[in-house]
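Take a look at these structures.
Common to both upcoming complexes is chain A, partnered first by chain B, then by chain C.
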Partner chain A sequence: MAKMMIPLGPQHPALEEPESFSLLLDGERIAAATVALGYNHRGMEKACESRTYIQDIYLLERICGICSHSHSSSYVQAVEAIAGIEIPKRAAYLRTLIGELERVHSHLLWLGIAGHEIGFQTLFMFVWRDRELVMDLLERLTGNRVNYGMNTIGGVRRDIDSTQTEEVLKALDILEARTSYYIKVCTEEQSIIGRLAGVGKLPREDALRLGAVGPVLRASGVRRDMRKDDPYDAYSELDFNVITDDHADVLGRTVVRVFEIMESYKICRQVVRNMPDGPIAVKVPAKIPTGEAFSRYEAPRGEDIHYVRSNGTDRPERVKVRAPTLANLASITNMIEGGYLADVPIVIAAIDPCFSCTDRMIRVQDSRSGREDRYDWAGLRQYSIDWYKKRGVDLSQTKAAWKD
Partner chain B sequence: MALSLINILIFPGFLFLSTLALAFEYVDRKLCARMQNRVGPPWYQPIADFIKLMSKETVIPTEANPSIFKSIPIFALAATASAFLYIPIWGQRSLYPFDCDLLVVLYFLTVPTLTFFLAGWFSSSLYAEIGSIRAMTQLFAYEVPLYMALLGPALLAGSWSISAITAFYHQNPLLSLLNLPGLCVAIIAAQGKLERAPFDIPDAETEIVGGTFTEYSGRYLGLFRMAVDSEMVALAALISAIFFPALLPANPVLGLLVFLIKVLVVVFILAVIKTAFARFRIDQMVTFCWKILAPVSLLQIVIDIIAKGVILS
Partner chain C sequence: MEQANAIVARLEERFPALVGGANIANERRIFWSVPLTSLMDILRYCNDELSFTQLCTITGLDNGEMFEFLYHISRDDGIVLTLKVKTPRDGGVVPSVVPIYNGAIFYELELEGLLGVEVEGLPDDRQYPLPDNWPKGQYPLRKDWKPNAETPPLPNP
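Moving on to the complex of A and B:
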């Protein structure tokens, strides 16, 4: 049979978000693969420049529906570093608690999706049922299931009381029992191991060379975790292990994630037991002094980097976000080439991709001529002025809302 | 003449089979849902789905051959409906038994898989083509073990007629215990034939969207789904006729009831298999069928030949 090119995406049942993978098929094997980004650019970084520091928290929290706390934490850390603010200890502990509960819910969500991708609906249904426990817990603590609105510059916005502490501990016990069962399923069930072992290999050297982060990197045997390497919040005072695995395949990534959930329970218990008393936030002036900072945060998907530059006003001059998916996307073609078509969905899912968080550009192509147009900010502004001029409206004297 | 028409169109023919197909689709879906800790659909869901599909707009790809595209689902349904006529459902005899009807039923039950292949191939879509190739690859993997598993009991009974096989095991119920390995093979191969998880490789949605049925919609998709459901009933009926022939009352009404219970048991086992495993990869599926199912079905034949020599002589 001749080789054929099949598209996987931008619209495909295996992908939750638009992304284009072109696979050159040789029978059932993948001969070559290309990835094209750029279907879901939302212009958030630019939008941050026209909002105040406080408003930006709300915007950046909505970069990702799953690691929302990670993005907002990473951003406020950067702003606090510029302003030279030390947050109260209780606030650091509360951020850690929400961050770890978020990791639990994100990893459980991933495990369910992994089950769906390998056609194991039962695992998907069971895991997502139990994920509701942690979602309910997050709602009870913060008022929201996904965008918690917990962070603010200088601390957190909500305190937790003793009844909520009790609820956390009770839910953690049930979740821990459930998770131990899933660990058993993922490490002993033969039909799962048959689908995951040896699939999407990424040896240690390749993982380092291609700049993989998070569970993907740790599954290739590299001990790298921002919570240990560059501790933030309360992590330097907590006792936990960095989970690594030497499988360097999808099975390894699964094992790393399920054991990380167990570590998160351990961290949550310590946080709740050792929670110091005191204020939960310090007052921060609206205007942040001139400076720049970048902060690293271990999101469930890997290292999340935010860079903020301030110019002394109440709005940032530049905000740059590097979502963990961008770092992991580079190794995707390596992982799927030479494998089976049937394994492509699970290999892509195994980096726990979040394409909307990653896109920074949109590519518009004329479907008939194939011509592409690229505009920078000034070009786009000029284009709009010309467009309106043709229709009798002159906007050339209008002041630009943003400096280029 | 009138009676034959009623037999073919109403009972035990087309209408009865369709009703059973929808009823067992409900049973299958509900069982899976309960095993997955979900609520599951209400009893009328399969009927509602069918009516909805029938009333929906049908889109035919411009590059597909419209006459083939439209006629293929009817072939699939006709083949399973014909197969069902030769399976005994209320006693030891089917409606029109003849010598070698087992083979005819097996061939009729192979036709749906071939129509899936043709449907995918003629809808000229990439995903459908890959689904077609997978359906064919899978056919070569499970068909041989399935035939051999059914051959064993037939050898022991000394007949190719389903009615004669049922009558033989009805007289010697203990002998059907010898066919247990064949039963296991037949049920697993049936799961492959029906393209259900873990062998839903030809329409693995996360890999190749809708597989062979990617381009099908509306009426024709509804007919295909009906054909798949009827195929499940026909296969379950065939398995229960050959492997659980005991407990057949002479009263036709009671006989029908017993038949339904037996089919229910087979559907239950199929549902358990569906919920308990992750989807196989096509290479794993072929290896599994040739390395495990085929030897077990050969073993079944050996057991039956020895039993024929030792016990019956």
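Moving on to the complex of A and C:
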């Protein structure tokens, strides 16, 4: 059969964000693949040069709706290094706490997407329901579900009190129990193992050669994590493990992420327990002295890099960003080539490319009457019970997995 | 600081022309301006002998007089060495580092697309990250390029 070239993207139901793949098919196998990017280019690096250092925090935080704290942290770290500022210890602990909660929400989001991509919708629904706990927690601590606005140059903008600390610990207990269950699902459930093992192979040598980062690299057996190798914030004082796996495939990437969530809970507990007292920020002049700095941050998707050069004014001369997905895209064609066409969506999803999620409530509008309804969790549950009851299925005695 | 000093000493021993140019910002950050002609030799030596096996990224910038290119390479112990080279703003050419760091393709395409420098030997001609129908000769990261609100939106390619 003749080889055939098919496009995947830039707009495609299997992709969560615009990127374009050209796949050369030999039957149902991928013989060759190329990727084209840039559909989301917003000119942010240029825009940074005409804004002040403070304005840039908010701009850069919006690079990504998921690892927003990662981008703003990496940027303020660079500016603080140029200005020679050491942030208060309490600020470092608070940044760490938000950073780890962000990792939890990001990895849970990913696990749901992975379930969706392989047709395991139950996993998707369960995980995303539980993820709401950490989203609510982030909202309680920072005022926002995403784009937390926590960082400023010289520290953080909000403190947390003992009530919030209690809430964090309470939510962590529930999340930990749920995550233990997902670990069981991802390591023992035969349909997951059968679907993911051997798919999207990236051998250790290729991962290193092509500069892969984050969970993708660690799932190929490389122990590299900026929180250990190039520690920032409070990480040098905390006890946690770097999770690696030798599967070097999508199953390995799944296993690494679910176990990393457990490490994040461990870190959050230590942070809350050992949180030092004191100020949460130091005052920094608007003008930053001439200099340059290179900063790294272990975002949920891997190493997030910011380089900043200053020129003595209140605006940077140059801000350069390298998000982790760009580093991982160099190896994506390797993972796809030789595999099946049907595996392409989950292989792409397995590097966890970024996309925005800001919707927060369910609002239903009746198209005939125009009446609007909002559902809370209990109301939504009741609605589904009633819906099934009308169709002859009684679920009213089913126990809810957790309550508000 | 010991590790950083040791790295600087070894590089100065191997490349005597570089002596005195290193700036050790802190124990894990070294910045070094090097001549463009010896860039590839230094990168190869750092990769083969000094364990700088990871290319973090390449930063291209326009300082108003020259283009600067910063090659950020790192090791497993967290040390990042930034090698800086300069080219003229008109007709500047830098060598492709893809033979040493295979994952560098997108970083180099970005230099070509946003600054308009030629990357010699880059085995790829994709347009990145600007759209395919972006006007020729417009390079947004150059300091003299200003966004123009008057410009009509680009038609679909």
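To be clear about the criterion, the second predicted complex is superposed on the first by the 353 of 404 C-alpha atoms of A that agree within 3 Å, B and C clash if a C-alpha of one lies under 4 Å from a C-alpha of the other, contacts with A are read in each partner's own complex, and residues count from 1 in each chain.
Note that in this section contacts are C-beta pairs under 8 Å (C-beta built on N, C-alpha and C of every residue); 3 or more make two chains touch, one makes a residue touch a chain.
Treat the numbers as computed from the prediction; the structure is a model and nothing was measured.
Of the two partner chains placed by the overlay, only chain B lies in contact with A:Glu28; chain C stays clear of it.
In the superposition on chain A, contact of A:Glu292 is made with chain C only, not with chain B. In the superposition on chain A, contact of A:His41 is made with chain C only, not with chain B.
Within the superposed three-chain model, A:Ile174 lies out of touch with both chain B and chain C [touch as defined at top].
Of the two partner chains placed around the shared chain by superposition, chain B is the only one that A:Leu123 touches, whereas chain C remains out of contact. In the superposition on chain A, A:Ile305 makes contact with chain C only, while chain B stays out of contact range. Look at A:Arg224: by the touch rule set out above, it reaches chain C but stays clear of chain B. Common to the chain B-facing and chain C-facing surfaces of chain A is no residue whatsoever. Chain A makes touch with chain C in their complex at residues 34, 36-38, 41, 43, 45-46, 81, 208-212, 224, 226, 229-231, 292-294, 296, 303, 305, 307, 309, 317-318, 320, 322, 326-327, 329-331.
Within the complex formed with chain B, the chain A residues making contact are 1, 4, 6-7, 12-14, 25, 28, 115-123, 125-126, 129, 189, 191-192, 194-195, 340-345. Looking at the complex, you find that chain B touches chain A at residues 32, 35-38, 126-127, 130, 133, 197-198, 200-201, 204-209, 275-284.
Chain C makes touch with chain A in their complex at residues 25-26, 28-29, 31, 53-57, 59, 61, 63, 70, 72, 76-78, 80, 82, 101-107, 114, 126-131, 140-141, 147.
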